[in-house]
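Before I ask anything, here is the structure I am working with.
Labels for the chains are A, B, C and D, by order of writing; each one numbers its residues from 1.
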Amino acid sequence: MPRPALVRSVPLLSTRRPLGVALAAGVTVLGLALTGCTSAAPQASSTPTAGGTLTYASGDAEPTCLDPHVGGNYPQALVSTQYLESLVSLDSDGTVIPWLADSWTVSDDGLTWEFTLRDGVTFSDGTPLDAAAVQANIAHLQDPATGSSTGYLALAKVTGTEAVSDSVVRLTLAQPDSALLESLSQPWLGIESPTALERSQDDNCAAPVGTGPFVVDSWVKQNAITLVRNDDYTSPPADAEHDGPAYLEKIVWRFIPDSASRYAALQAGEVDVIDNAQPDTIAQAGQSDSIVHLDAPRPGASNRIELNSGKAPFNDAAVREAFIRSANVDDAVASLFQGSAERSYSALSSVEPLGTSRPELFDYDPAAAATLLDDAGWSEKDADGYRTKDGVRLTVVFPVSTNQSIPAEQSLFEQIQATAKATGFDVQLTKLDLSSWYTALGSNAYDAVSAPYTKVGPDVLRILFHSDGITPAPSGYFANHAQVNDPELDALLTQAGQTGDADERATLYADAQERILEGFYILPLYDQQNHFLLGTAVQGARALPTVSTPTFYDAWLNR
Amino acid sequence: MAEPLTDARSTGGQRVRRLGARIGWPLTRRIGGAVFVLWAVATLTFFAVRLIPGDPAQAILGGPGSQTSPEALAAVRAEYGLDQPVIVQYLAQLGRLATGDLGRSYALNMDVGPLVLSQLGGTLLLAVLALTVAWILALGLATWSTGRGRVARRIGSGLEIVAAALPHFWLATTLIVVASVWWGILPPISTADARGLVLPVLTLAIPLAGFLGQVMRESLTTALESPFVLSARARGEGERGVLWRHALRHAALPAIGLSGWAFGSLISGAVVVETVFARPGLGRTLLNAVTVRDVPVVIGVVMVVALAYILMTILSDLASRLADPRPTTSTAGGAQ
Amino acid sequence: MSELEITAAASARPGDQDDQQDGRPGSPSSGPRARPSVVEIAAGLLALFLLVAAIAPRLLAPGDPLAIDPLSAFGAPSWSHWFGTDESGRDIYTRVIDGARDSLVIGVSATLIGLGLGAVLGTVAGTLGTAVDFTVNRFLEVLFAFPGLLLALLFILVFGPGAGSAIVAVGLSTAPGYARIIRAQLLRVRSSAFVEAATVQGLGRGRILARHILPNTLAPLLVLGTLGVGQAIVWAAALSYLGLGAQPPAAEWGAMLAAGRTYITSAWWMSFFPGLFIVLTAVCATALGRAIERRMRHA
Amino acid sequence: MSAADATRLAAPAGGPPPVPALAVRNLSVGFGSQTVVRGVSLELAPGECLAIVGESGSGKSVTARSLLGLAGAGAQVSADELSLTGESVLGLSESAWRRRRGRDVGLVLQDALASLDPLRPIAREIGDSLRLHTRLDGAERDRRVLEVLAAVGLPDPELYAGRRSGELSGGQRQRALIAAALALDPPLLIADEPTTALDVTVQAQVLDLLEEIRDRGTAILLISHDLAVVSRIADRIAVMHDGRIVETGTPNEVLGHPSHPETRRMLAAVPVDKPRGSRLAPVIATQPPPATEQIDDAERLFVAERTRAATGMTPATGSDLALEGIGLNKTFRGPHGTVQHAVADVSFSLPRGRTLGIVGESGSGKTTTARLALALTAADSGEVRLLGEPWSALPEKQRRARRRLVGAVYQDVLASFDPRLSVREILRHAVAVAAPDVRDGTNRRAGEARVGALLNDVGLSPTLLDRRPTDLSGGQRQRVGIARALASRPQILICDEPVSALDVSVQAQVLDLLDELQRELALSLLFISHDLGVIQHVSDQVAVMHAGRIVETGSAEQVFAAPTHPYTQALLAAVPRLL
């Protein structure tokens, strides 16, 4: 039984995450945790058989629109991976490989890209895939009426498109963007039928039309999306296991928000695959013969607590360091995640090759924390044992999104609350629903927060730590929750985003990470958890190495 | 049991007419009252949701996490009339509601009417089944534990009290663990066939049965001590006959009156149960809509629930009147 | 005077016992003064235990309910941890005992708010004339048409989550029920023979209200309240499940139950014991309420 | 009529001694340690009517129920013999009992409204016995139900078969109940107070019906508290007291030559044909007068006050009418816009110090008249004047000050007490309302004394002061009610059915007390009752009400001796008399 990658065990995380722009790091790409382990199939010897219905149970919120161009969050990516395809993909080593585009070229100044499309591909509504179709997709993403968020930002530097021929499309950029290919590989930039895009947004949201191995058949809100096999499928990515149509006849995509119910459903055989598996169930699955674990940490940022350096008390680096030193994260991760998550000491996901890890900066050292606080003027203690300075209590307001933090993570925060209390921090956890949580962030009513960010490549650092990210959008949204405002860091990140030279880029990102970690802006916890549990009947399922969404093209049922 | 009516035409007809007179006038008043309640519910909800912090335009554009441009926000505000004064928005909303138009969801890219309709069936089915099962459980326990001595009575009323104290979500999880994980006899989530309904229905029905049972037991005791039961026994009626032909009907009266209220509490329970069992339905829709500030959906669901509640109350009144044709009618209780 | 005395003597004759329905001593009206039943004693003891837990938790559980010990997390019930440990290695017994205060405070204050509001609404409706009665009744109907949980949800979303909000929210959503009961009781008392008798005696409206109607209307509140506390705790637990109740690390039972539910398949004790205490409290409250009711009815 | 019935009708009266319908020897029934029936023996032949008479608590109902095996949970029944139609039923199993009930013995209870399931049509109730004991199909049962209904004299049985007990009049209801017991034509019918709640004319009809049934050959065991009622149809009377049968005999023997003191006491208590002012209850001075100093004080105070009250009684105005109703009309709106005239054109006058009796059957408007007199209900037209001054016409605020002049005594006296209050509190409140100094608390001691005096006035021991009314007997309660009415030193007492709920001997005591008080305190009494005997006994003037109108009025002697109105005549004819 070749068990799939338990290589890195990880935390999981739950629902929707806003995705930021992908940046492109030309050639460099990330290896996924699935390395060498693309299949979750327990019986490698069997021959795939066609047919059958696979039931997938998602713990994420049900998308409000199945077209990932609209908005663009992870739940959309999960399901659209089954019916939409991108121009390029990544292989398990992180190398960009052809998908709907056979090949591509870039001009020396990095401002003009030409993609040659694969021959003979048609959308499932019969529309042929051609240059005009790609143009229509880019136009759709850039049209404000679409309401695209993730895809829109990914294409921020694209200023024009042109059909060089039926099969060659040219993109013109305002500035060089070495992350372009990675951006295009993301499911949020999946290519849809231009004919279908002509329809009203409602229709398109209900059943987007792509070139993928499955087709959206029906969507009963709050119940299930039914996907059926695309029998005319011709365009698997270069790293697929087979050609032609998928094995599965049908996928029923369900939403079971309650984690206990979801796992019970898998145990009872009512569903075949669940996502957002909880640590205790992963541990149980490890001892079970009937359930297989698939671990696919997401790329981009690690899961971390961001400390708001924009206001007191964390505008003082010493207090930030004291907080980090006073938090016993290691024990908490060990007990809560039961081996399914590994502690991170980096701003980036462990799947990012350019990540820098500095364990020594995040040691649990309450004594050092106490000294730091004493020196910083927080030397008094009040009746409850909390430190004060000038009569003000050392309070850390920590809003927790119940949508974004799984129970184990919420418990982790409680343990941090408890250990930090010993040093004299009054950590005030507030569980909030997503809207309230964003409102709290938007009104700067937080001292610490944990917000996940998924994105391919180290360019995520620019989004999270460049001072541009402090200014909120009209919606109140901003990505730089640590409110890092460091001109030198800004320069490093801008430069890294535009350089064409891989070594230089690596050095620049390394420097940038040093500044971030040594500035104690963040307390890294672990990778963004992305665990799937599969019934043993499911064979050949794997996660795409782009943003770790599962694909069932190669999957088949061994019942 | 044959209807002992001798002249079905005349007496039956008269009875129908008398019944009609008894119900007719209250019914028209009821309809007036219902319209008022619907209006008030819509108004309250409209302003209550408005009090929740958060920008509706933002909700429309994919929630606060999305990165929207000021232009898009302005466009949406204009499109949905959000730039109008609140009172204008309120009147517009009322106007739409009056014509049966529930408006368009901010978050779900669809009209509220079809959405609510598509979710209504599941919840109604759940609620009606749960109500029925609760009745069966309560009646079963009452009949089992009556006339079997003190111990049985104690056990019966003890079970009722415990059942009424069970939190829905805990009961649901326990049922899942026992029936699905340990025994593997029932699916833990909703399925296309009826098996998937068993656990959700039980989850809702058990606590409710506890309530109904408590109410029923009290009136059952009274009924069993009444002279007409003695009369029936004197005619040779056995325990079972006394119970089914006489006492239970009296015992059921207050519980029938409670059914309107019970329905309301089932809807609250449905919020939890639909989440746990991943069932489509109004409860889950409502919870989601509230968390993303989807005002039209919230109002739409609340209106439909209020309407269903009103209908349920009327039905339970009607049932009370049918079960108890005596002219002194008590209004359906909303008692706890 | 002798004649009157004689009458007095006559009236004391043993034959004058006409209220005893043909001498059936087994009839239910005769027994209830009897000493408390086993169930009542058990409920009383449990109530005492909970009260001690709420007032002086350290007496029953000397440990710190917030003390984490990650390395002994998810411990099954054992000699050192009677109820096991939770995901952070906190002792569940200690937390359950410590949670009594929060849970009881939530249950009691929510019930007080509900009852208070209900009493005011019910009394206002029952005393201030038909116009007010009509208005209040319509208002109550509207509140009834709202699913209780939605009322609570809206309230919490407007005012933010937390124990305080949960208390008010639960109180608000139970108030209409109480109001109806109280109004019905008031109407019954108002049209009762003894109120009429007071009118005949020449008592003024205000005096009748203060001396007869209100005391008799509000007397059942104690029973209602006792019965309501258990339900309020269950309600608050539901809000905690939806993540809208008490905030961490408070050891409120509903929050513990909700947190433990996640681990139901691997650590049943995490949700079992808080759940057990919720149910026990509700049962205990109901049993006590019933006992009080019985005694009041036959007093 | 069924075939069985026909045979029985034809059964010869003579011949060998028939198998007794009921034979009981030495029956004892106990509940726990308490024995309520002690060694009762009875025998009842077919076609015979035996009446068991006794007051509440005498054990007569338990006896009756034991004969059906329905003595109740926890009852210990023992007997040397207990047989129905010659077959022993001692120690029968529950299911064997069930087969006999309804078939071998039928039971008719008091208060048909409660004894017929109010939710089921009477046809179903009657058909139940048929369903349980025969194999008749639905149509046959329906036919038999109609037969029985016709046999009990319900007019238009087809119309009534589908109605529920609440939709019938009292008489119809009682007939239906009897029909239910007779559906299978059992040889023995046990009727437990079958006429108690009924109006006198209806009562007469029901008694006629029972007589008819008896004459058809059914043995009837009639249970009643009312000697006059049973004397009418019983072949033999058994007087029960304290669980024993103390006297048995024919009506002539028992009523004419009562041998047991209990029988004599019961007979004496019957008010019918007893002249106004004569005592009904025996005077037995077994208890010394309360002699504490405090009571003596109270007594003195009370006497002094009474003297004052008597002197101040001289009317300020010239009227010698205590209460006067002039042309009173009151209508109520029915459920569907119908108008019911509860009281139509009623005038009455109550001279000072006298008693006006208003008598009428249920629904005659007498209670509405009482409420109008108390100014609890406003008349549509007409006026009530008090001591010659406006009363009903006053606004309540002004009337309130004068309310202390009028006291009221109620039928359901228990309901008229605030359930939270003890006797002491009830009386203290009543005293306080009338006396401002007591109310202010400035003269608390005087208030206490007055309470004691009142209690003494109505013949109650001060030991009862801290009890609650629920813990008192019915007679004691009514005395407290009277004491409360007297607290404000009223000049007028309005008594609405004050003794209807009481046993006849207790009733006698209360009537004596009222008579006593009237003379002592110079009270004017408006006395309302359905009971002609009581009215005759207490009244100086009588008004007979029927359908909202006063059909006849005059002095008691005149009305009872020579009624002019046909309704009064019918009413008087229906009154059950002792022989």
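Annotations for the structure displayed:
Throughout what follows, a residue touches a chain if its C-beta (ideal position, glycine included) is under 8 Å from a C-beta of that chain, and two chains touch if they have at least 3 such contacts.
No experiment lies behind these values; they were computed from the predicted model shown.
Among the remaining chains, those touching chain C as well as chain D are B. Looking at A-B alongside A-C, one finds more C-beta pairs in contact between the chains of A-B. Chain centre most remote from that of chain B: D (centre = mean of CA atoms). For this pair, chain A with chain B, the centres built from the Cα atoms lie 41 Å apart. Here the CA centre of chain B is 48 Å from the CA centre of chain D.
Work out the mean CA point of chain A and of chain D, and you get 87 Å between them. In chain A, the residues that reach two or more other chains under the touch definition are 260, 264, 267, 433, 436. Residues of chain C in contact with at least two other chains: 157, 261, 264-265.
Contact with two or more other chains is made by residues 53, 173, 176-177, 181, 291 of chain B.
Across the interface of their complex, chain C is touched by residues 33, 36-38, 40-41, 44-45, 48-49, 51-53, 154, 158, 161-162, 164-170, 173-174, 176-177, 181, 225, 261, 264-265, 267-269, 271-272, 286-287, 290-291, 302, 305-306, 309-310, 333-336 of chain B. Residues of chain C that touch chain A in their complex: 66-68, 70-71, 73-74, 87-89, 157, 160-162, 243-244, 247-249, 259, 261-267. Residues 1-7, 10-12, 15, 21-22, 226-228, 230-238, 241, 245-246, 249-250, 323-327 of chain B touch chain D in their complex. Contact residues of chain B toward chain A in the complex are 53-55, 58-59, 61-73, 75, 107-110, 115, 118-119, 173, 176-177, 180-181, 184, 187-191, 275-281, 284-285, 288, 291-293. Residues of chain A touching chain B in their complex: 16, 18, 57, 61-62, 64-65, 70-71, 73, 144, 147, 149, 152-153, 201-202, 205-206, 220-223, 254-258, 260-262, 264-265, 267-268, 270-271, 433-436, 438-439, 442, 473-477.
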